[in-house]
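Same chain, two partners: chain A is paired with chain B first, then with chain C.
Coming up: the complex of A and B.
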């Protein structure tokens, strides 16, 4: 339906509404141009690049340990995903075996991060809907996860857990910590079900989100949307099925059918119990042994790639090693394709739903701004 | 007592500006005001996105080149008296994005914040903790309340 509405010649439409770069409706700076006809959005254009800090350039030539901890500063929401993937590249390039206990603890951290990222999405979504009470409720549940993250990593946001060959000694899980994580998971499971019940049974919210911002399955595949944005259109694709670290765990891939804001919200709500399920399995079968493998030697390596599934989709890191230093570093975050897809999701809907349609993919502009456009003069 | 100072003694409005950090500080600040655990709203501190309503400007991030001009415009739009809080390591000294070069000038970063607009209170941390934000806001209060 959306393809017919999309116009190619922007000059035909005279009314243009521009938001940004700094706008009160958007927390992060980005620029949206909406081409409007009779209050219906006919075309949308999202411009990124305002936050560009050139972090790949800074990584160039740094020692690999330092570069790994720098990748954590790409994003404050999915910081663990970045450092994990960056460390995986080095481990793959040099050929380091990671102890099984360290793998399990990395998975536990990643799933805790998925919990807090999805809850942040629900809170932000509720705020954009205009329902601040729901946002406060979700922030209250999220605080449980933040306390667990602080207990394990020592910091609420940037908790560098992974190092090359294993995890930091501080992040070792003992009996007391395991007990606390179990208690936290019980609280989250109970509270999130209660929240989901309230959310789904609220007729006003359901009327606001159903059928808004539809992205068809064909479009989502063509535009290479990833993560829950793709799964909410009915495609069963999750990179965790193919990752070595997730082999021992049983979990379901959540899919929804409609591709609208409701499907996106429900997909993430239902992924929260799956994440707690994985954490419980990891705690039950946590293997004994050491947490870091220190018997490895630095060596040169060609460009090595690594893909992992993070809360927002597929994350890509690659670099080559030269004298223990990082060269040719490339980072590709999931938001870049998801934001591109959202230009199509906003089309054909009312102008008041445009902001909601854009934030439905959980956009993270600070992750995204690393592409450099080379202009020919 | 003017009408404005009367109303201000009962409600402080904080505006958050994001200038290219990693999002960690921003979420902690929103968390500090919205989350029922910290709940700055009980002390009559409110979050606003409109510079003309704001009393305190909280700036996070190292101020990228593209964000320099909007930041100055936002600062000028806030009515006097006003206070500026720089929150987080990036806003204080450019963080990893600037200082990792040493003294070599960065092509992407225009900051830190106090190079661009005057800063009244500084809150350290990577990322800032919600408790520290509250104490930073409290440190800036005399500037607002004692102003004529």
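Coming up: the complex of A and C.
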């Protein structure tokens, strides 16, 4: 455990280096102030909010179907997660039963999204490490998933699969599509394991990622880190275990112990075969029957909440319904707490490692940039 | 050789050097790395020819610098220092003994290195500008700190490279000196004409390895590119070069690649660049091989931080010292 890795608000620091809002190491706009002593980070402050679009405000008063579609635009990486969770809120509020086949297809989509999100993370992590070759190779593997997503959803980013009561008819999985997904899973399993093997056996990469950006288990819990960021500190917590949609599937919760960049990378790499395992199970036991329940009536509902496990952690959506329109919508993404935690993970390391320490939580700033109310207890 | 033929040889060699050097960045970045990375990559002429040409016709913008004219002049100074190195290793100029020695090469390479320090300290790009409101607002951390620019950081790193990072290259330069017992290029070349190339001795092999690592460090190539790390200082001292000044930067880099290869052939093979000899082909071949090797090495390595950089440089320097010791055997 790094001794310097602690909150240092009161330390007197003379020099700061600012990176962002536009910076080559960041895919999205954010700003980090690094307070340094001889290139060693003594404190860090991450500022978000540059990409604030006020989606909750735009959703206010929209018909629920339209508002659900809008949630998909929150993020270009986990768009399916947002629309799924938003649809779940309405289904829960109104009490709609979703056909089993639709539940399975939703899980398949979510796991495909997890695959492409984790691979994007590995590619971005490799780029920040300065290893362009590995980044390109992961992007190359990721293309298989992107093509599968395009095949099902008709688009590489916004798929629009979930609707209230099930999934869109165009996203139905026929035999040809099922076969293609199976083939895709075989390719991913083979290539990602080969990649992981090369990654962990490269001494230069291991020298860069081991012991860098450590977040202790205690810190992770205190700072409410979530998803693989939390699991990389040894906490076995995955909301998929609690989700009804995942009840039929067997999978392991991947944990690592060190809470450093290496643990974060490994945690996500090892979650990829677990995701393909879930997809295979879903394809093997895909129930017959309809994919949409249309026998429901719109009704008013109080504020209803829904939590799901998305690639980056716990995603929260809530809203109430009034005359079929959305009111009091709140979206809370996992990156908000993960990014906060990274302010502490970056401390005690070289500036070049600081960016890596921040990126290790797989931050998604467009997801995160929304109005938040901080209640000091 | 008459003065006229010597002049023709010098000018001709310079032209050949320029013509070859403009292809080297393309070979390194696109031809080799793009293929390793399984992407198509732009045309091979892009990095060294088309990009500088394009930049020559772009509008020049004024850099955020306390001395913008000096800042813009530095790539030209850098190019001239590299040009002088090529001139002094040409056999036609060995008559100016004092100027055609290892000491002169080291001095001119040092100028090239020191220029990065000046560039870094003279550039204050928009990338690090203060955002007064969020940085001093109640709740912001450390509101009274001194803001350091990314280029200042790379300037500091350039200083460290001068003080420590370029050790391997300079140690390797002294391996042929130790073997031939002469600091003059004419002496080193003459020694190899009698005893055969230094490269084919134990000291020569070790020296060549060390030279190659030094070559990569001097060219700021991954994994040694601490001067322009994408993860923090981005382009470092070169950040604000635009239009024709960026074109000079690109041309200088390609030219430096050729010149360093020429230094290698002169010192380790006894083959100085000379248009009137078939051995110019050897110089060109080495100039092509070095970027290919460099591209392969950098394609498979992450960027080093000091934690990895210092031990690597120390280890390579030790090999260099062993090479010098071996040259006395």
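The rule we apply is simple: the second predicted complex is superposed on the first by the 360 of 377 C-alpha atoms of A that agree within 3 Å, B and C clash if a C-alpha of one lies under 4 Å from a C-alpha of the other, contacts with A are read in each partner's own complex, and residues count from 1 in each chain.
Convention: contacts are C-beta pairs under 8 Å (C-beta built on N, C-alpha and C of every residue); 3 or more make two chains touch, one makes a residue touch a chain.
Just so we're clear, the structure is a prediction, and the values are computed from it rather than from any experiment.
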| item | value |
| --- | --- |
| Clash or fit (per the criteria above) of chain B with chain C on chain A | clash |
| First, second, both or neither for A:97, with chain B first and chain C second | neither |
| Which of chain B and chain C A:24 touches, first, second, both or neither | both |
| Partner chain(s) touched by A:51 [first = chain B, second = chain C, both, neither] | first |
| Partner chain in contact with A:136 - chain B first, chain C second, else both or neither | both |
| Touched partner set for A:190, first chain B, second chain C, both or neither | neither |
| Touching partner for A:16 - first (chain B), second (chain C), both, neither | second |
| Chain B versus chain C as contact partner of A:350, first or second or both or neither | second |
| Which of chain B and chain C A:70 touches, first, second, both or neither | first |
| Clash with chain C, by chain B stretch, listed 41-49, 59-67 or 95-103 | 41-49 |
| Residues of chain A contacting chain B in one complex and chain C in the other | 22, 24-25, 132, 136, 140 |
| Parts of chain C lying in touch with chain A, wherever the complex brings them together | 33, 36-39, 127-131, 134-135, 140-142, 145-148, 150, 153, 156, 222-223, 225-226, 229-232, 234, 299-308 |
| List of chain A residues in touch with chain C within their complex | 9, 13-19, 22-25, 31, 33, 35-36, 39, 43, 45, 47, 126-133, 136-137, 140, 204-205, 207-208, 350-356 |
| Chain A-facing residues of chain B, complex | 16-28, 30-31, 34-37, 49-50, 61-62, 64, 66-67, 70, 74, 95-97, 100-101, 106-109, 126-127, 129 |
| For the chain A and chain B complex, residues of the former touching the latter | 21-22, 24-25, 27-29, 49-55, 58, 62, 70, 73-77, 79, 120, 123, 132, 135-136, 139-140, 142-143, 146, 155-158, 364, 366 |
